[in-house]
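By letter and in written order, the chains are A, B, C, D, E and F; residue numbering begins at 1 in each of them.
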Amino acid sequence: MRPVRITRGFTSHPAGSVLIEFGQTRVMCTASVENSVPGWRRGSGLGWVTAEYAMLPAATHTRSTRESVRGKIGGRTHEISRLIGRSLRACIDLAAIGENTIALDCDVLQADGGTRTAAITGAYVALVDAVSYLRAEGKLADPQPISCAISAVSVGVVDGRVRLDLPYEEDSRAEVDMNVVATDAGTLVEVQGTGEGATFPRATLDKLLDMATVGTDTLFEAQREALALPYPGTPPEA
Amino acid sequence: MRPVRITRGFTSHPAGSVLIEFGQTRVMCTASVENSVPGWRRGSGLGWVTAEYAMLPAATHTRSTRESVRGKIGGRTHEISRLIGRSLRACIDLAAIGENTIALDCDVLQADGGTRTAAITGAYVALVDAVSYLRAEGKLADPQPISCAISAVSVGVVDGRVRLDLPYEEDSRAEVDMNVVATDAGTLVEVQGTGEGATFPRATLDKLLDMATVGTDTLFEAQREALALPYPGTPPEA
Amino acid sequence: MRPVRITRGFTSHPAGSVLIEFGQTRVMCTASVENSVPGWRRGSGLGWVTAEYAMLPAATHTRSTRESVRGKIGGRTHEISRLIGRSLRACIDLAAIGENTIALDCDVLQADGGTRTAAITGAYVALVDAVSYLRAEGKLADPQPISCAISAVSVGVVDGRVRLDLPYEEDSRAEVDMNVVATDAGTLVEVQGTGEGATFPRATLDKLLDMATVGTDTLFEAQREALALPYPGTPPEA
Amino acid sequence: MRPVRITRGFTSHPAGSVLIEFGQTRVMCTASVENSVPGWRRGSGLGWVTAEYAMLPAATHTRSTRESVRGKIGGRTHEISRLIGRSLRACIDLAAIGENTIALDCDVLQADGGTRTAAITGAYVALVDAVSYLRAEGKLADPQPISCAISAVSVGVVDGRVRLDLPYEEDSRAEVDMNVVATDAGTLVEVQGTGEGATFPRATLDKLLDMATVGTDTLFEAQREALALPYPGTPPEA
Amino acid sequence: MRPVRITRGFTSHPAGSVLIEFGQTRVMCTASVENSVPGWRRGSGLGWVTAEYAMLPAATHTRSTRESVRGKIGGRTHEISRLIGRSLRACIDLAAIGENTIALDCDVLQADGGTRTAAITGAYVALVDAVSYLRAEGKLADPQPISCAISAVSVGVVDGRVRLDLPYEEDSRAEVDMNVVATDAGTLVEVQGTGEGATFPRATLDKLLDMATVGTDTLFEAQREALALPYPGTPPEA
Amino acid sequence: MRPVRITRGFTSHPAGSVLIEFGQTRVMCTASVENSVPGWRRGSGLGWVTAEYAMLPAATHTRSTRESVRGKIGGRTHEISRLIGRSLRACIDLAAIGENTIALDCDVLQADGGTRTAAITGAYVALVDAVSYLRAEGKLADPQPISCAISAVSVGVVDGRVRLDLPYEEDSRAEVDMNVVATDAGTLVEVQGTGEGATFPRATLDKLLDMATVGTDTLFEAQREALALPYPGTPPEA
């Protein structure tokens, strides 16, 4: 596992703002609160948590074109945004936050493999800060809407060996690649294992899951340490 | 497992054309051959297999808006198209088909749960027919480019019980939902397990995988039976 | 005239669902009922009938790109969708169906010339079934909102001779090409005659119209036969 | 028939530039020459004639939104652009103009019914000037590539009576509406008759065609008079 | 300064319609009144003035592609539209016109440099006519909502010399290019000076501003003369 | 003037990567080198410098929608991107860098007024580092392609007083707002002064320019200090 760093209060405007680093991978995760929900959810009494993932153009080794300039979101971006939203909704009671939306934005400043798992892990911390903000504003129906912590890690088979938290150089030549989203209650939220151009026996899947647990345990510890600190700077006008 | 029906030669123009039915779910899967590859692959000597998934507007209980009219592909469509392409590329030697592209189109005529798994299972049969077409045209570098069969099935936990091949009514209230893509060599290609709003223990994951194997074995049998028949009608001007 | 086949109840979800075949041309025509009208029509007491036409990518001899992937509807698609909607609105009393919308979707599964005329002819049958559905639901102000049957056929001049219901091979080299939409009351709804790269005398126009009448009469007969049968399977939860 | 005015050399940059007026309807028709053809036509030795139609936002009684701002071309615009292109290609030998493209732009400055027929009639005059420009540049394989004149007029049934060249007030309440594109050799290029919400007997079609001939004859005379004048101002740097 | 011509009542539908010519540059400027304001302004009691600028495809020496066909507005178009809107809002009391919108459309029929400054100068005249229309309709809270006249001119340094109102041939090789929007009260609304590929000392800026004042004074005179005439033709149904 | 901080080597992949802070405004400016030029410039022997500006969604007080999700670039973004590109091209000899492109990306992490001026000032530093990278790669025709430094500052009139480097709170209620781009040779590159809803006398323009010079001098000093340090970390594989 590469060194993990979680910086809360990275920027000042959103209710939660986290810079998370998995080695050279750096993702800015923010959680913005809006006092309304999308149209299809109005009047339900339920809140909503949504997520958007994006890469800055110079985050990758070779500059990539902006999706705003191309005029559409690519398939990979869509897929990861949906994964982040689904993962974080697994830990929160949407009735408890009332008709408020928490928008999670995960922008990759520098990419070196594992950007989606770093995004999920950092977004959890930003989400906790946004919930604290809603609590301070007196907007929570239940003071503890979050039932567990969420973190994610990538595992893979590279050169025939199972590896944890793959940097880009390994990820790009992995035979099997898996992303695991887990809770600190020991359960799973999402498992996505893929063998592009190869296939893998179930025994490998088992080994990958064992290895992933080591990774997510490390990440839960890093999240706890970061959240144990007082909120840096003034929280947004709560 | 719902009754499975596979009809080859469903339409006449593409090199492979399959109607696959999982109960009330019906997907038309075609495999079109183009004697070229995308720009980024030209000169490599390698072929390409790509896939696109779509729902006809009246395929669902309530009519859905066309993505062509909205002017963009939705996230779910993107995600499934990518999954189908990745899954089918796992069984084919792209060097053996030379610089040709096989485009798999999976259009859902009627949706009742499991459309993506039906699409993968049907696309495999269409792919085999397209490869036969390339063989008849003398375009194959290696006469047997396909190394194994591919099929996919959905499994889930509904009302606390593990279920196979979920129809829409069950799928929409499943606590855990998993799609498994497997080979008839007993290996896995892709595992995507999700607990939207819930999480699940690893023991459940194991039970779901066991159940999925039952499903994919049934599907491999159905594929074999369909492919054992002579090609219906005249094959496209080979 | 090529053999015509009309299959009602082709799929189960929409209120009307028809597979129509003109020889090798096959179009799936569905009629979906929505209990509302577009914004600009709200409060008028009038219903609406709209249509969308599309080609599946593998419907043509050479695979065509999806319009959803290109991000826009092409001119030809736009033109045909508008023609179908206009044609079917000519036979229905929009006041009689109340503020309900009937959305006609005509998706070409296999194209061999005459797809737009097959679409109109099949959409009429789907429309009749959708009106029966509205009647069963007690949503009609007047029990007989349909005043006449609508069918359409293509005629053209090929190698100097007038031909009816042109397959692709003839259509692509026709000197004059005309689509005629008619009612079974002997009147015309739409006449579109074109000489791409050539022009034609009025005498030819007259001969083409005579020939078209032969074709639409055959189609009215086929529609009547199809509609004389009881509705196949259970009608959608009326 | 409303008064017709044709002004050549309306602007200076394009090879042909015509302002055409049918009563209060005013359309600017330009013909721009490009010394190349679209990719799919390269190497064929043939030229190309293409057309684009558009409405200025304030051309209509109530301001309409720009299609550039909406980000897409509407169905009506598409349809008319295609009609203009097809109509003008009927009078020109594309081999004779070599691998050059003539782009016809028809922009409606003020709309009062009949904009598409005015556009076709004016575009013919601009096309003739663009061909003269190509001749002066020595780019023609055959000095007379234009085989006949093209004009177009609308006819319709209003309050039960057949009317020629309908202004907006009549057009908007016409029971039958027809656009006829004809040649000065007495043949037809395109006939589009529509009964929106009504149908019409073939006898009406015949009367409409008779009436249209009166209109197009008037227009051929106006075109001849306009083209008999010397080119106003300096022709573009031939 | 090139000869300036201002023609009011150029078209009949919009409340104000002006053709303005700066030498060979010709821009049609219309002002359309809508009895509503954009959503974000509703209930404020304030009106709105907005502007859109566009080039017809054949306005330039070489035909340019339509932005509607490309499916998006280019940066230059966006920039100029915003400039025109901002400039004209500087002279009008938005409270005095009530919750009405005046939409200014500036369409360049022929471009020969200075199209944005001609557009602003002409749009002012169209705006005055639209305000007169609102006054005649009894829609003004204050009968004189316009506090001053607005005009604009380009100045630049060409071959080392300061020049006023640059035609295209000079503009394209100017070392410094500046657009100045001014009021007839002697104040400035907008100053945009640019040295593409070159830089300029502040002394040059001063000389350019002096020169611009000469130009805008000429334009205020031309506006006054045009507005002193009675409204040509019938004003739109006030 | 708010405190200015310039951090070079903020990320590792691009040839230049700078974090610039003007008080609470933080912009990440990267300079990516591509060994080619856009199509229209190929074969000219000249390089190109281009720029794109964007706001992260949570950079502002209230979260803004992503332009990639909306599917188009807004007018403001377009305008600022063009301004940055123009400004930086003023200081570099494009012949000296050969047929290479330097793409400047300015992404606002946190916005508190003056984002475009911070972007220009930071982009200059990233550009210098990218030029050093090209020099180390032996790609420069002339070893010193940069002729002067470029910086930019905003000035405005707030509550009747001239202010330098306006934070958002002042900027949003400024009567006059001006952005000045200058060189350290004492010349101007771009001057954009705007009075939204107000106008201003020329004397104010003069005072604003005086004040701007104070600001840009401070910025040139900050740039020099930042560039005097050795490049932090390993430069990208030069």
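Criterion: contacts are C-beta pairs under 8 Å (C-beta built on N, C-alpha and C of every residue); 3 or more make two chains touch, one makes a residue touch a chain.
Just so we're clear, the structure is a prediction, and the values are computed from it rather than from any experiment.
Trainee: More than half of E-F's contact pairs recur, by residue number, in one of A-F, C-D or B-C. Which one?
Mentor: Over half of the E-F contact pairs recur in C-D.
Trainee: Need the CA-centroid distance for the pair chain C / chain F, whole Å please.
Mentor: 58
Trainee: Rounded to a whole Å, what is the gap between the Cα centroids of chain D and chain E?
Mentor: Chain centres of chain D and chain E, defined by C-alpha means, are spaced 32 Å apart.
Trainee: Counting only residues that touch at least two other chains, what does the list for chain E look like?
Mentor: Counting only residues that touch two or more other chains, chain E contributes 71-73.
Trainee: How does the ring run, chain by chain, when chain A comes first and chain F comes next?
Mentor: Listed around the ring from chain A, going to chain F first: A, F, E, D, C, B.
Trainee: Can you tell me which positions in chain F touch chain E when the two form their complex?
Mentor: Within the complex, chain F contacts chain E at residues 72-76, 78-79, 81-82, 86, 89-90, 148, 178, 183, 185-202, 205, 209.
Trainee: In the complex formed with chain E, which residues of chain D make contact?
Mentor: 11-14, 17, 24, 26, 28, 30, 32, 34, 52, 54, 56-61, 63, 66-73, 77, 103, 105, 107, 109-111
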